Each structure stands twice: as structure tokens, then as C-alpha cells.
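We call the chains A, B, C, D, E and F, going by the order they appear; numbering starts again at 1 in every chain.
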């Protein structure tokens, strides 16, 4: 589902057979102008989606809206800042307003929330990456929002990365064998990562030939020990930690030598940012 | 977009050309069983979506997963409760796991969050209703989650309710005229609501023949005054209040005599609930 | 399904793998011009659909057709009047001709037919409204044609209005209880209408709190009595009559004080109007 | 667009976000039964579409409806006849009722109307065939309804038949050359038909090698003359007449020796038949 | 599926969530230019598809690519010839390159391969036509490639031609009856062709009234005999031969008097032509 | 596009408004049985697609076809072998026959062709892998056919592997910088491969930190030298060779120590295999 398809389906959802109020009250040839304003400090994200909303409204109903971005995705702006200017067919401004804001508010919320994790990791700390815990159908946009907030992305989906998890290991009966199967079936441009929950499993993972290891749900002490052990055995292995990561905890473990810290909370605990569209 | 379409598109997003890891490690004929468990106290929502995920995985790839709901949408369960049992084709369990959980976690999050607002309003207080600030493409599900949490829904979209907002009034130049146009164009089963921001506007709205009035962004004192004034002038008018409504504030204004309190935060400030699928 | 989607699917239906005749006989760079002419007195409707047909043909096959509307939707024109002028890529004119006319003829037919009912109701008489008896997939267009003919619309679909019909009442076992449930579940911007077939039911409906009452299949005498009784009991109730309404019958009952008369025949007994496209 | 796709889109149109009334009043587990009854004498058509409506409702919302056809497409039944029996999930019966009836009423209307034309042509008279003047997106169904009424179909669309019309001839500048081009480009299983409006054109058409000739808008005398002339010159040529054909006129020209008479009115002047679904 | 839909789905397939390499290495505002060059002697085909690829990339991601065709579909060009020039947004050139070439290489391969068959048939020989053995979803394009190579098309699909094959005859139990049924059901612009495998069947086919006869899998001697016999009995019958037709065999039977020779190999034995896109 | 979507679209293409011949000749309730037979030695592929064709035909038109696979994908069978047995609704067998065979013939062709390359590489030789030169919309199926033939897959698409090609290097101006950018942007489970055309570029690639190197269009001598040089500098680097690879050439270079040989010809030079469906 491309961004254009997504926006079209979302307009079907919110407008459907028509905006009764706007069609009743606003003449078809009326024009207007307005601004999208940040009502709190925010890292901006969602400009392409917002622009696409008005373009699709124009395509469906005729008329023209101009959407001029005043703050790029990823820029941090203070409360009161104008994020975009819009002008054109008034009906279209009113029909598209809510959906455009829904994209901007949700995505800026994720970008702003991610920025806190990234700041906690600091210069030289581990990469902060997202997970597959994203809103169904919005993954592309939410992963872009994580990047706008300064984070990085984990694999996009089940098709572009190999991650052998505890359930796979349990089903196969052997971590070593599970890694071997994955390595054999995956194409040569995919690395193989395996999840471990203990130091014993870590040792098996290091011996298995896995390229990367996910240290899942370990406390700070165990994490520190695991990193030392892994680096000693296989310096090039990629080390990721996960499990209820908050900015506070990331601050505490940022010096351990991890390559990545992954946090579903970048997306699923991000409240929407507050922005509004004011017509003049 | 029906639930079936939504689930299909979401599987395209997360599985696409295939789950490299699972196909590599798990034999096609392996079977398994497991449970979906609440990892915190939660109001459950999303059972239909979760079931539909596994059904669609079966339809695409063959195999059979049985999904047995153990706690109905809307039920409040304690941490550790089994919410569903699954068993069947192991590959399908692993392929559908994340998406099924994403639905359950997001929607149970909204239901649980809404329950706090509804409890604050209490017996005999105003209805707590949602807004059009919902995640693009997920509105049906999110509105169902609000109901699961004990809330009610506002209009679904622009097509099934008339709400004359400040921008419409400004464009028309007169609240009275805007209401008149809306009444004339809307079919006879739609009521007309108009947004007001001051007592002066409230008076005009009461005289305009509007069926419902949205008191937007008034402080508690102004709200109390507005309700008294409106009830005196037109006892049958429906009164809704909105603007940064939290459970705390709802507790403070629950006795004013409002019919409804609307809060975007039911949806856009709801963190996901924590649930997991454990295979045995 | 937006108008654009509808037009695209209709071109798939009529052109599919290609217009064998036109591709064989007409050079790709030939141009032409022509007029759409009314071959009978007609109330025009369908201009947007006709324009969209040629735009979609252009988008698919290249080339350019200009479609200039000469009579607006809703205007009554005499036989022989030019309704639109077209010029541009000749192949595209020939490929789109039939579909554009099919829209214009069908929709102008409904608009023209509706006008007869509306004239019968006259100034100050009841609103003439349509029903859900519309051609599958064409409801938006057919309802617009009813408006073009001077009629009004009933609810658009099952999602934007509450109408408790005899089958609902029978299933619940009580009209009063059915209305109560509907009122409780519907959002506050939806009125509740209930269908009655007798004066006894009317009394129950008036007491039930329904906002509107559909007087179904009553003869003229019963209708007159029902209106008097309802107005006496509850002056603000909305009263609709239905059941084999023709222009003649509407003329006979226009003074009874009904708010609306609904007639499926606006759509399902409207013959297509006769229009043709003549190339010069 | 297959029948399944069509039915799905039509349910999107009529149900969309949900049937507010039925969901509010009818419990999910209630069951019911009923009959579809003809309220006038009618040639039945649309049984597959009606059955598909309930099947799609079941697929979307769960539940089961059994649809038992009691009169086959094409059978003529008297007023009061039961056309189908339904039983199962009551909500689904109510949600699908209108759409199922819309198909049955529209298609039975066409079948019944066509039967009058076919009866007028009588045994041994010309085939009565339809045209491309059909409702956008419903052509397959409407052409099936024409067959149910005893008529035959003309080409389905622009892709499965060659018909050189006046506009093609005018653009090429020569009927003979237009036919030559069409013959050369069309595959060998397509015949070439050409439209003529005069005896002079008829002579050119007979000499051109066209396989079939459409005699357009000629009066009865001219038609008789054209048939004699054509049969004398080329006995095997296929002769079709068109232009405001009614049952009455078909009765008058049925003995002329035409192969086909085509009439858009089979479809575009057919009022819907009256059928209803009564629950018990 | 129109060409635009096909190209869009093919980009979903090859680009999906994004071109990781190009997005990482190439700035969004970089521009470039290049040429599509034939790396072998080739009959060109696929220009519209290639142009549509870049147009769709532009539509999705922004930016502009200009695609200038330098050799028309159907033209034979020598190795080293520039087939098209491209310039514009560099990212878009790189994202669309492979898909555009895949269309050009596959379709030019078919056009080039077909040319060999057509040359073997020579002036005055039988038409060389394709079959329904085409790549699923690419039939329109592959049939256009056959025409670009100088061949003609057989029926497009099951809907636009009647071909009674051995399986139909066997099921009916009589060739004569099968032809009769087909003639009766097909509309009057469709000819009826029947497949025969022996001279005895040929005689029955000639008597059956079939318009065309497919002589399937006969050796050269039998073919010659069949043509003589058919022409003697019914001079106007259309005669087609099929069964492992190669250019060599076509050369051998080109003088027999067949109307058509059909060969699935035009499509299914055509290797892709070699073309490349070189940026400068 | 899932396999189910692909099959549905392909049936739209080949059947569309209906199979005129089969509907005319075969009664709706006739049943039949038959076998799919290999008419040459073949490596089988396409069984899932063939089965899905008949399932979709059943879903659309009613009726039931049973498809029983007698030779698994990837098995090599001799001419005359029964590959599948079918029985059920005769119309459905005839409607689905061609499409099912088109899938089986095309995909078995690729599997059989690939087997020759794989045999040439032999035990212990390099992996034979495909490229992105695949038929638009059929990539999943064609890549499965390569695996059925014993080959392996390269990356699936632009989204699941990083391959820095000459055009990227040229645009960036430095191979080292291009690799650095790719590494930085790609997620940690993707390796970075870079294409080189000379030994000088190879040295830069080895120093750049690329995980894999594509040796493009080198002759056998250069390839041998490149492998030695690379292994000396960086033993763990993955080495792939490409450029007009045939079975013969692969035989000649199989001992050089390459990890992979990629060949577009697995797909684009594979003639369809010959299979037929015979009804009894």
C-alpha cells in the first residue's frame, strides 16, 4: 500500500459519501488560507502525508489547495511555530483538515517521543531502533517517524531480515540447528540474528555462527556480562538489547558497548503531538 | 475497508514475499499450541481482528489455526489472565503472531484507557465520547475499542452527522445562517450541532434552532454558566463539552448537567496494552 | 467507490482489452469535435460523470478530450438543446461516447422523472425524498440526480440514519423497546425514526420518544387522520408517508401537513432520457 | 468485476460502517426466516446475485443465512408466488434484505420487460437483442436478465465484436475503406458489421464484404425494401434493425425477414419489478 | 488490469518498502541522463510500458523523468542502437531502471522471435497468429509484441471467440451438435471455429456449418490433403493449422493455402532480448 | 499481490465476461476427469498455482474440482508421467485448463532450465542464483521455480538487500563513500554488496568494508585472479560472479572458489516446458 493508496483509503473512511456540513454551508468557489501551528514543542513529521491528503481531495472533488511546508520532517520546533501554510479551495481545506492533522499529530508524536530515547543514548551510544510493534498499515510512516526523531530502523518486516526467536528455537529443539537452517535458506545479503535469554544460550549463539545476537529481557548486570563475554569470543558480532527500554534505562546502559537498543515504545507509547489548522 | 480487507493489507505489510525465518526453520507440517496472556491489568479488545489474522494466514498459505477467545471484548482482566488459546499449524502461528498482537495490544490499550475516563464520569454523569482524531484506516476498530471501554461514539465521520465548526461559521459569516444552511441540506434523520466558544455565541446558537451545541475550550466556570443558560432557554438542547478532557477534569465537571464530554485522548493518548503470545 | 473508481471500472467493462473497431479504423492522431444533444425535453444530470469518462480515457490511452458543459445539472432544457460540446482525440471520443451517454441518459432520466413528483408536491407541500431502492454501486449518482430534479434525499445508507422498520419491531417484540434500544446505541447526532402501519402503532410510536414516524402504506383517509393525531400529541414530530407514491397521489395528499413523502419510483421507475453525441 | 466483487462493493455502499438500527435492536444470536414474494406477475431474474449478497454478509459479519431458490431465473410466476425462502442469522437477513431485493427487482424488471418484446417477435421472427446501453458496472447481470426474458445478446462490449458506426465511416471518409480496415485488424473469429442509414449506403455495405449490416432508424417501408435488396445481393448477410423498437413495432416488422432487432429499451425502459421479503 | 495498474503492481513487487541502496547513496535532488541501448539486433517492443514505469515512479515519489523513444515498437534495429533516452531525477532513473528493462527485454524478445516466423511465412503465406499460451497478466502486452513482430492475434481470450476443442466435442458426444450449440448461444458477431484431428472429423466439421476449422497436429501430407478437401467442399471456410509450428515448418507449408498458422512458441519459446540502460 | 490475487486477476484476463464456448456446449452439471501429463522430461513446478486456479474457478462459478498432485514441485519426471489428476465439474475443468497449464508450463520450464545450471556447478561448486530480471508480477513464482530447479535466490527485490552498482558509484563519485552511505542507512540485518568491474575497483571494494562483492563481466582469467586477491585480503568476503553465465561457463569456473554465480538466464532464457491436460 503506497502512501497514495493509504491516503485515498483514509479519505474513503472519513469522507465517504460526502462532508454534509461543508457541502451545505460553504460555496464551491469559496477560497481560504490558513496555517498549521504546533501547539507544543515538537519534532515535526508527516509533511508528505499531509500534502498528499489535500492533493487527493483536489483530485476527487476538483479545486486546488496549495500546501507549503515551513518546517521539514525531523526538525524540532517550539510551540507556536508555523509548520505549514495552506491556501486554496475552502471546501477542500475543510474536508482534508482532520485527516492531514491526524497524520501530522500521530507521526510528530512518534518523532518527538523517539527523540527522547535518542538523546538518552547520546553520542557514541547504541543505535536506538524500532520493532515490528507498529500500527497495522502505517509501518512505513511510523518507521519514517522514528528516523525523523533520530532513531534507526530494525528490519522492516518478516521478509527483509532473519531473526530466530525463542519460539523458533523451541520448535526446532536446538538454537544451533535453527541458526544453521536459517543461514542456509536465507539469501547471502541477509544476516542471521538470534534471540537469547541467558548466558548459556549466548554461548551457543556465539558458536552457532549467528551474525547478530538479541539479548532479550536481561537486567543491567546480565547485559554487561553478556556484552563482555560476546566481545571476547567474537569481536565482530552485532549485539542488540531489548525489553522494556525507556530513555532512563538507555541512559544507564549506554556505555556497555551494545550496538543497538530496540524499543517498541518508540511507537506504541508515543502520544500524538498537538497541532492545529487555523483558517484566517 | 472491511476488517477482512484491513487484515489482508496488514499481512501484505508484515509478511509480503514471505517470513524468511519461519520458512527456513519450521517444517510445513509442524503443529503447536499457545496462549495469549495479559501482562498487565487490561480491558480486552481486538478479539475479532486477532481471529481474522490467523484465518487469513490459513487462507493464504494453507494449514489451520484454531483461535479460542477466553475473555470477551470489554471484559476487564487481571495481569496473568489467558485472553485466548491458539493451536494448529506452527508456521501460521508464528507468521500471524505479531500482527494479531499488534491489534490486541493497540485496541486493548484504547479500551483500558477509555475505562478511566468513563469511571471518572461515573453513573449519571455525561456520556464520554470519542472524536474524529483516530488513526487513519483504523477508525472502526478504534471506535469499537472506545465502546469496549465503556465509552460511546460521536459521529463516525463527515457523512453521518452535521457539526458546524468555527471555520464553517467564519466562512459563512454568521452562525445562524450556517445552521440554517446545514438544516436545509441535511436529511431529516441528522441532527445539527454547532460549536461555540463564548456565551454570546451560545445565545446565537440557542436561537438558531441547532439541536446540539458543542461548548469548546471553556473553563469550568464558563461551562457551568453555559449549561445553566442553555437549559433555561431550551431544555431539550443536547450539550457537549470538549477541550483537553482528562479523567481528572471529567471528575470535576461531571455534575454540571452536560450530556456528553468528548475527548480525542481516548484514542490518541492511549498507550498500547501489554499482551504476549507464548507457545508451549 | 469514488466517481473516479466507478468510471474506471465501467471503462474496464465496456472497453477491456480494447475497442477493436476504433483502433482498426481511426488513426491515433485524428481529432474531432461534436455535441451532446437532448433528443427530448429533459432535466440534465450526469455532467461530472461524463467529463470523468473522457478524462479517464485520456489517462489510459493518451490523447486529450475537452468536455465543455453547456447546461448545468438540474437545468431543464428543451429537445434539441446542446448539453455539452466535446473536441479532441477522435479515438477517445469514440471510445468514451457510449459510457458518457449511459451516465447522462440514466441520470437525466431520474432527474426528469423526479421533477414530476416535485411539481406535484408544489410550493409548501411535503419534501419529496428517495429511498434505498437504488441501483447497486450508483447510489451517490442517483441521489444526486434526485436532487437535480428538485427532490431531497432520505438517509444515504444503513450507517447514517436510524429507521426502525416492521421487521425490527417484530423481532424485538415491542415498538417501544426497539426505539429505546436504537436511541441508546445511536450517536447523539442521529434521529430515530420508526415505521408504523396503523393508528394503534402510531400512538405507541408517539409515546416512545421517536423523533420521526414513517406512515407506511396507509390510504389517504388514514393518512389524514394520522397526521392530525400526531400533530396533536407531539407537534415537533417529523412525519413521512410512503407506499406507491405517484405524482398523482402526491397531488392529492400535499395539503395534509406531512413533512416528507418518500418514493422509490423516483429511481426505479425512471426511464432513461434520450441524448446523443453527434460528431461533426 | 466479478459478481462477488460487485456484491462486496454494493455492501460497502449500503452498509459501510454498519447498520446502526439492526445492531442496536437485534441480538447477535437471534435467528429468523422469511420469504421473497412476487407482488406482481414477473419473470424472475437475479437469484445468483441475491444468494451472493447473503453469502457476503455472512463472510463479513459471521453468522449463516440459507437462501433457497423457489423459482429459477427465466421462469414466469404469478403475483403472490414465493420466489425464495431464507432463514438464518436475523441480523444478516436484515442487513442484506435491501440489496438482495434491489438486484432481484431490477433484474426481474428487465427480464419481464424483455419478455414482451420477445413475445411480439414470436416464433420464427427476428432475434430480439440488447445494446451497449446498459447500467455502468451491471452489464453482465443486465445481459443475463435479457436472456432470462427470452432475448439474446448483441456483442458484450467494444472488445468482442466489430461494429463500424456512422462516426467511424465519417472519420475514415469511406464505408468501404472502414470495413476493409476493420476486417484486416480484427482476428479471424470476429465478424464485421457496419451501420447504414440509407439504401445507397446499404449497397456500399453489401459490396464492402461486411458480414452483417445494421439498418439504423429506417421506417417500416425502407426496412422492407432494404431487406429485399440485401437478400437479393447477398443471401448470407446478417441483417439487424434498430431505432426506437417497441413491442408494437416489432410485431409490425416481424415478417420482414430480419435476423435481429436490437432495442436499448429492453434495459433502459424497464421499470423494476415489485418483490418483497417478509419475515415471519 | 490496465497498463497503469500492471506497472503499479510491478513496482510494488520490485520496490515495495523502498530501494534501500538508492535512497542511501543518491541525494533526492540529483539528476542524471542515460540511454537505453540494444545489445543485439532486435525488433523493439515495450516503449509504452517503459515510459509508464518512470511516470509511475514520478507519481509515487515525486521528481520527474523524461523518457524519449528513439525507435518505435515494431522497428528492427541493429546492435548498438539507442532505443530511448532518459533524463531527470536520478533516484527515479535508478528505481525504475530494472522494471522498465524487464518490459523492454521480454517484449522485444517476443517481437524479435515472432519476426522469424513471419519471415518464414513470407508474402502471401498464411497469417502467423499467437495462442492463449501467454504469461498470466501479460497477455495484452505479449499480443501487442506479436503484432510488433509482424504477426497477428488469435482471439484474445475465452470471451471474444468461439473455439470448439476436442474436449468440448468429447463431452457433447458429437461435433455437429457441439457446433450447433455454440452457434446458437454465441452472439451474431462471433464466428464459430472447431478443432479437428482427422479427415473424418474434417468432413463432419465442414458439414456442421462451422465458419473456421483448426487442423490440429496433422503432418504435412495430411495438412495438404485437408486443405484441398476443405476448399473443395466449402471455399469460404477459414483454415488454421497448429501443432509445434516452427519457422522451418512454416516455410515448408506456406504454399498449402492455409489462412492461418498458430504457434504458442511465438511467446513461450521467445528468449528475452538484451538491452541495457547506461547512465552517463 | 498474493498467489490468490494473481490467480484471480489472471482469470479476469482469460475468462472475463465468460467462456462462450464452454457455456454454450457443456451442461452446468456435467462432470469429468483427466490428467496433467508431462510431454517431455521435466522438473515440475507450479502445483500450488494450478490448484489455486481451479479453486478460484469454483469460488466464482460454483461447482467443485479436485486437483491431486502426483509429482511434487522440484521432482524430475520423465516424459509421459502423470503430474496431476483432476476431476469434478466439467465446465470448471475446461475454464481453468489453459491458465493452470500456463502456470505449470512456464514454471516447470524455469525449474528444468535451472537444473542444467545447477548440475554444471556440481557438488561443492558455487551457488547458482537468480537476478531481478524476472517477469513483472511473477517474481515470487519464478524465484520458487529457481529453487525447485535446485538454484538459490539472490535478494528478492530492492527492499531486502543492498547492492551498490556501477551507476550508484558513478553518481556518488566514490565506491568507498557509496559503501559507507549504504552501510550507515541500511538496517543491521542487511549486508552490503558492491559491484566491481576491475581489479582496481576490487581493491577499493575490499578496503571499503563491503560484506560481498559482485565481480561483473570479467573473463575467466580475471575472475580467477580476482578470487585469489580477494581471499588473500579478506577471507570472509562473499564473492559473486555474473555476466552471461551459461551452464558451460559455470562448468569452467566452478573450481575458482566463488561463493555464487548469478544468471538472469535461469528465468529469461527458459522455454516453457510442455505439459497437457487430457480429459477422459
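We adopt the following convention: a contact is a pair of C-beta atoms (placed from the backbone, for glycine too) under 8 Å apart; a residue touches a chain by one contact, two chains touch by 3 or more.
Quick caveat, the model's predicted, so the values are computed rather than measured.
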Furthest chain, CA centroid comparison against chain C: F
Option reproducing the contacts of E-F, where over half of them reappear, out of D-E, C-D or B-C: C-D
When centres are defined as mean Cα positions, the distance from chain A to chain E in whole Å is 45
Cα centroid separation, chain A vs chain B, in Å, comes to 22
Residues of chain B whose C-beta touches two or more other chains: 12, 16-18, 156-157, 159-163, 190
In the complex, chain E residues that touch chain C: 2-4, 140, 156-157, 160
Parts of chain E lying in touch with chain F, wherever the complex brings them together: 1, 6-7, 9-10, 12-26, 30, 32, 90, 94-95, 97-99, 101-103, 105-106, 109, 132-139, 157-159, 161-165, 167-168, 170-172, 178, 181-182, 184-186, 190, 264, 268-269, 271-272, 279
Which of the residues in chain A end up touching chain C in this complex? 12, 17-18, 59-60
Name, in rising order, each residue of chain B that touches chain C in their complex. 127, 129, 152-156, 159-163, 187-191, 193, 211-212, 238, 240, 259-260
